Amino acid sequence: MYIAKVVGMVVATRKEEDFVGKKLLIVQGINEKEELLGLPEVAVDAVGAGTGEVVLITKGSAARSVFGKPSSAIDAAIVGIIDSLEVNK
Amino acid sequence: MYIAKVVGMVVATRKEEDFVGKKLLIVQGINEKEELLGLPEVAVDAVGAGTGEVVLITKGSAARSVFGKPSSAIDAAIVGIIDSLEVNK
Amino acid sequence: MYIAKVVGMVVATRKEEDFVGKKLLIVQGINEKEELLGLPEVAVDAVGAGTGEVVLITKGSAARSVFGKPSSAIDAAIVGIIDSLEVNK
Amino acid sequence: MYIAKVVGMVVATRKEEDFVGKKLLIVQGINEKEELLGLPEVAVDAVGAGTGEVVLITKGSAARSVFGKPSSAIDAAIVGIIDSLEVNK
Amino acid sequence: MYIAKVVGMVVATRKEEDFVGKKLLIVQGINEKEELLGLPEVAVDAVGAGTGEVVLITKGSAARSVFGKPSSAIDAAIVGIIDSLEVNK
């Protein structure tokens, strides 16, 4: 999993049925200083996250498992809202 | 998933049967300013996308699920056409 | 798998059930000089690791297998504590 | 999938049985100007490709599906020979 | 798959049962001039490889298939020893 910030959302009228009724949020990895890292991704929200929140992202078949349907078009999901980070490098 | 722009297409006469009759589009990740990011990929179109459109890409077994055949040579698919992006970094 | 250092931990009250009661550690890849490499990730601890320890990370469905539940939201796990590294480049 | 050029081949006498009798080609991603991108990989040929040809690469379990054996040591395959690319960035 | 050099090994007393009795080798991708590329990884040896040898690495569920146990903590394996490389870029 990785730590990300929700930086936006996507509106798509024409899409696979698996996405209907789900929030498609734009997320980007961050470090402990909340600096953005890597490339943005789109993750389906499973925990009621919103823009600006620091969240936990899971990918691949792990992301599908969250929505109770092993075969679906989903390959990334928001699976936690992070309250705090403790980092000692 | 990630946000990409359709930048072209591929013509391949000799190919695996799973690709026959499908559109193989060249896509490249973009940010909210539509600047191209990362490396180009080839995705199978599932939603009727065309060159220049901003789309949603899914990868791995999620991409296969879209075509109703769990075992196939497909590892990336276009699963949505994006109408708009809202980004607040 | 890759070699990482445990650099911190994550506290998340709202999260998928698969993470309840598990330690979510922040890990980052290192080389043989223990210099940090790549981007940080979050891995579920399976071996009793703590901050500052050098560990072995596995990803994807391999990470899920460790917790005896093939379908879960986990996509990375700490599966070993490294006693020593021998490197000859 | 991604577009690659076949840049070489690998000879390995001692190898997993799944590779016996198969061509192990070295491929590297290219852009529309045929400039090499990213890192080289080794893919098993499924379509009769040769050095210098522009091909389509699939990865992960998609690559295994091509050889009709769901469980094998193969994680990348050449699944098409590209006749032409049309790119409008 | 990718071409790598075995650059070391890992000793880990506390580890998942799937690794017991197996050699955990540190590998790093190389090009045709044997220059090291990308980040080091840890792969389980399936072919009797040793330090300094040029090997073939497979990842994900392909790596697990090699050890005859579909569900395990292994996500990378050494599946061939490379005798020679032929490269024409």
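Lettered A, B, C, D and E in written order, each chain numbered from 1.
FYI, a contact is a pair of C-beta atoms (placed from the backbone, for glycine too) under 8 Å apart; a residue touches a chain by one contact, two chains touch by 3 or more.
Note that the coordinates shown come from a computational prediction; the quantities given were computed from them, not determined experimentally.
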By the touch criterion stated at the start, how many steps lie between chain A and chain E on the shortest route?
2
I'd like the angle of the rotation relating chain A and chain D after CA superposition, in degrees, nearest 5.
145
If you average the Cα atoms of chain B and of chain D to get two centres, how far apart are those centres in Å?
19
What's the distance between the Cα centroids of chain C and chain D, rounded to whole Å?
31
Specify, in ascending order, the residues of chain E that touch 2 or more different other chains.
60-61, 63
Follow the ring of contacts from chain B, passing to chain D on the first step, and record the chains in turn.
B, D, E, C, A
Touching residues on chain D, where the partner in the complex is chain B:
1-3, 29, 31-32, 37-38, 46-48, 56, 58-63, 65-66, 70, 77, 79-89
Give every residue of chain D touching chain E within the complex, in rising order.
7-16, 18-19, 24, 26, 28, 36, 39-43, 51-52, 60-61, 63-64, 71-76
